[in-house]
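Both of the next two complexes hold subunit A, though its partner changes from subunit B to subunit C.
The block that comes next holds the complex of A and B.
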């Protein structure tokens, strides 16, 4: 191995915290992931049986709740949208060996960015308002990711710790904004005033699904192109599979890290913005609770492949829309869906992912 | 002043349990990101155990078992199946949030407020010592689990430094090949260490639910597992250092509660950021000087 040493002694052969997620083998990953999902649904069936309900009835209610009507399907699509946007960014980070756990905070701040721009934007020209608000969302998300990247690269704090701790700060920052400049007084809880209708995302009639899902699919396609067809994508794939090889090839690990963090931050911010402009039409405290983890879930479920993240996000979206109606109809707590997601992740991690 | 220090100790106690568990896990070479989930499951199991049996001791045993169960899941996925430590730990945290919330609702009914409330554990004054001025009420008039945390801190220090098993555990985190060569299976050491980490962190959860609050709410650990993780890194994987770091976090939070009590015109949201910002600042200040176990997070490559 020593003959593979990087050319200059100052080039880092291995960052102290170099980490990388790698899928064990190309073929068979899809089957493994499907088996993981089925196993976790079986575990969920046991949990349902524990509560004294019939698992079959529960799953039937869930399926009906997910695709039973155009409206229900629209709900599922809207659910999947932020996970898909943020999950694509997380997948790129993981590909590059950067374990970015900061989507939660980046999404929340993206919501702030979107709401802030939409509320202060003077013009009524619809397309422009939406564009500016979404730009604000992406910028806020990228800014928060940049902070994490700076702490990680500048001070060698592990990126997982830097991003996780910043999540808590970001959520408090959102509350502070809502208690102060952006808040609606007298609402009873923390929320902003309604954004002007010009800033709302276009909705498909009958389905109630907003245009965000299409934006997210386009973003996934773009990510796939970047990952597989551009020099940056090549550099990040090399950095993710071997830091030594990346250093030897002359790729700068800090540059790659900056690149994927900013990209993921912007996408996560966009996810928050789409949620605010498409679903709530205002910034509400906790509007994105748990979204960051779901982004990691769909990234891994999609085998870190941007295009495969689309069906993964749809699966989670359908699951959640279904669980809501299952809770309404037969009284099984919808927290079950969090357990299913966690179990799926654990099975996927055990079955496919190796640390390089 | 006594109130202030007492509050710091109270806030530090659950953190310390989690940090002690995390030290075991990380010294053996597995990142302890799952502390949050282990605490949460411990808090839930403790409350259910104490509520069902009417005995606090049963609650404490349940907490140990609940935390260890999450530890076992993390151990199997990370050690046996060699998955990424960080992502697995985080997943375990989320699964614990879902599982506790689901089970609690099954037990108490959907849509109804939580119906389980217990009287928090009372302090056990130590005869004679508790009457000392100043130190008496601070050190010798505490609830039982607080004493246990202090004892655990000393015990873990002795275990790591003075016992053969402690040496093996540390070696597994530094150089698993050497451990293997000496005839011990490093995989077993890591599995045991992570399960033990879960059990101890579970006690930290019991402190919250049994000793301090007397009920369970969804996600009641609220990021304490991550703060414990930060404090053990800041303490460079030393139990006594972790106690100090936890006390600093406790003092920061106690100070924040104080300021709010006095009506200082600083937003409570900004004040609540303090522990996380302090953790980040200290980690950043340590920078590259923090020396972590050499083989931490690295999978074991041999199978038997």
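The block that comes next holds the complex of A and C.
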């Protein structure tokens, strides 16, 4: 009878939508995800073959493009960095049963925060400038997430709607700031002036990889610690499994939601910040297009385990860096990578989401 | 009487465990077979095999002279087997007739609502179900909902009905009605498998009983040849001692005081419980028990009134503050509230204490402290599992409830709110729960013990309150309890 353990009498059977999305965890998930990734590459191979090219040559070009030289590898690391930062935050939200789809907007606003602070910061001391700019990025991202949390908790708007719709507002806000206070007049393109070199992230010579990747890995490790080794992490794991159990355990659902939303917002903001300070050295319209959704991809690819998001983000980063060289060398459109990412996402979801 | 069902040598393994280990089961037309056994004895597995929900590793099933193998529930249904689950598979927002039409080919491609309603009315009369086709299921008491399931089975011409613990949610009068409905079905030649661990009901309605223990048939007998004691012994393989008698104890000082408590579906209600006293709350489910229990536990806000713990007002205290003030709560809903099934035993043990030693050291969780404490509690409360890492979902109902008991009692609470604490448990586990609650009471705690099992309340309480319509219809000392009076109080509910 154990496995048929029935719901007890008078138990309300309604679950919030968020809690109805359940993921597998525990042993076997790593294998499932690896198989999913391999299957998606196989599908991609078929697509390449259909377009009349050799899949082997394409993948070889892609591999060379990703890890063929220190510089290529550095590009891949830089690609992976924002996905990893934002993806870790998204993973924490999903763990808590808060479906945060707002990383896209939070990243964009993080870029605004970083650029704004970097442009007005008077100090010439590099470390302090960088620190202040990254702090500005995190603060802006957290603020944007806080808005979504306030709408969700205060007005009971579903969090998917609140976070998703604010993305559009955030993108318009970036345009507005670039057309106004932060814009570079006469650039012919919506972008800010270049930020002072003091605010640039330190880069490894030869590689061209900026220090953001290390920051992101440290953040992932910290998230994993919070998730598994603190009462707050426990509270969010319980909240993600059963809202009723969380209330019974004495955890406040609003507090947990606030906590993970602010955390995820700050990390997404940081992702935007490192992109601006590490790669472009200025705020450019559309600099982060699609990053927020890739963050969701890597969070799921990493089975919502912050440390596992590191290889997941690397996978996508390498894929994208490799794709560009594949396009250059063989003429297969790099859009194929978007297809592979989509396929990976589908396979991973099929492998990890439990039937209700 | 002709053979309806013949199951032979059914074996079903789950890993190393043989949930069914060579089980035979026969059901004839016009016969009610009681399938008895403790939790985890393999009753459900056997029925899932029959219904095609799990495939047997060995064995054959002959139903109406045809072999059933590799079948799915849909095929089992069309062959004439109906399963009535413990929790009903009904859409609450729909009416009786709509639920009957759901997934039924004879309802027509364009629904024949009026015609189906007439058939519902006719069948309802024939079997004494007393169902209004246009009633919305959400408004029906649990007993009626079960009859909707029976009606569905009857209309679909099911020849064999499987009822899984059908009486666990019913009031005594509803149980009597159900049993007479079953007798009518029997007289129409249906075969019935009645899964239960309530011996009196089995003795009352069954023609024959089959007893399972650890996946094997440990006894079967025609009902006229056995006594309750023999059946109980077959089930557990040992004597079940009745719960300890209540030793008289001078009640201590007031530990829980409730005054004019009021909320949706609740009150106004005033009572107090003293240290060393168990207030048993009887009554038919759905009369405000969940509202009262959750309001006391802090999961619902009352509209008015007050709750005091040990003389201190706790009306507005958070759940965590109440736990800290010594309030323990065992919710009725084990699967979604009292436990997180996906978490480990250890994590479930620290569910409400994760911020305190030994589970936490400073601001961080202490995996070592958790493992030590979990092993200690598993030993002390006899939680049978490979280790603290095992997921709670893998345990039987009895072991799951032991986790809740261990967690709530280990805090050495001043007040315990226990809601259906022994619900769905087998006699051995029930006794364990009752003994622990009695020990807590002897240690000086105040206990409010909600149960819809009147026998349980009578066994354990110092005082008995009966809930009806959100309030106490009456309160009596156990020593002066009069069953007729309690019955009248319980019937205070409009059914």
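The working rule: the second predicted complex is superposed on the first by the 332 of 356 C-alpha atoms of A that agree within 3 Å, B and C clash if a C-alpha of one lies under 4 Å from a C-alpha of the other, contacts with A are read in each partner's own complex, and residues count from 1 in each chain.
Here is the rule we use: a contact is a pair of C-beta atoms (placed from the backbone, for glycine too) under 8 Å apart; a residue touches a chain by one contact, two chains touch by 3 or more.
This one's a predicted model, so the numbers in the text were calculated from it and none came from an experiment.
Chemist: Could you say whether A:33 touches subunit B, subunit C, both of them, or neither, answering first, second, both or neither?
Modeler: Neither: A:33 stays clear of subunit B and subunit C.
Chemist: Have a look at where A:241 lands relative to subunit B and subunit C in the superposition and call it first, second, both or neither.
Modeler: It touches subunit C, and subunit B stays clear.
Chemist: In this superposed model, does subunit C or subunit B come into contact with more residues of subunit A?
Modeler: Higher number of touched subunit A residues: B.
Chemist: Touch check for A:230: first (subunit B), second (subunit C), both, or neither?
Modeler: second
Chemist: Go through the superposed model and pick first if A:295 touches only subunit B, second if only subunit C, both, or neither.
Modeler: So A:295 meets neither subunit B nor subunit C here.
Chemist: Of the partners subunit B and subunit C, which touch A:219 in the superposed model: first, second, both, neither?
Modeler: Touch status of A:219: no partner.
Chemist: Under the stated touch criterion, which partner chain does A:250 make contact with: subunit B (first), subunit C (second), both, or neither?
Modeler: A:250 contacts subunit C only, not subunit B.
Chemist: Where on subunit A do the contacts with subunit B and the contacts with subunit C coincide?
Modeler: Subunit A residues touching both partners: none found.
Chemist: Which of the residues in subunit A end up touching subunit B in this complex?
Modeler: 16, 19, 21, 47, 50-51, 99, 101, 151, 154-157, 160-162, 164-166, 168-169, 172-173, 175-176, 179-180, 290, 293, 296, 300, 327, 331-333, 335-339, 341-343, 345-346, 349-351, 353-355
Chemist: Would you tell me which residues of subunit B are touching subunit A in their complex?
Modeler: Per the stated touch rule, the residues are 31, 33, 73, 76-77, 80-88, 90-92, 94-99, 101-102, 105-106, 110, 223, 226, 229-230, 233, 267, 269-270, 272-273, 276-277, 279-280, 283-285, 287-288, 292, 297-299.
Chemist: Which of the residues in subunit A end up touching subunit C in this complex?
Modeler: 1-11, 25-26, 228-231, 233-235, 237-238, 241-242, 244-245, 247-252
Chemist: For a test of understanding, state which residues of subunit C touch subunit A in their complex under the given definition.
Modeler: Against subunit A, subunit C makes touches at 39-41, 43-44, 48, 85-87, 142, 164, 168-169, 285-286, 289-290, 297, 299, 318-320, 323, 329, 331-343, 347, 350-352, 354-355, 360, 363-365, 367, 391, 393-397, 399-400, 420, 423-424, 452.
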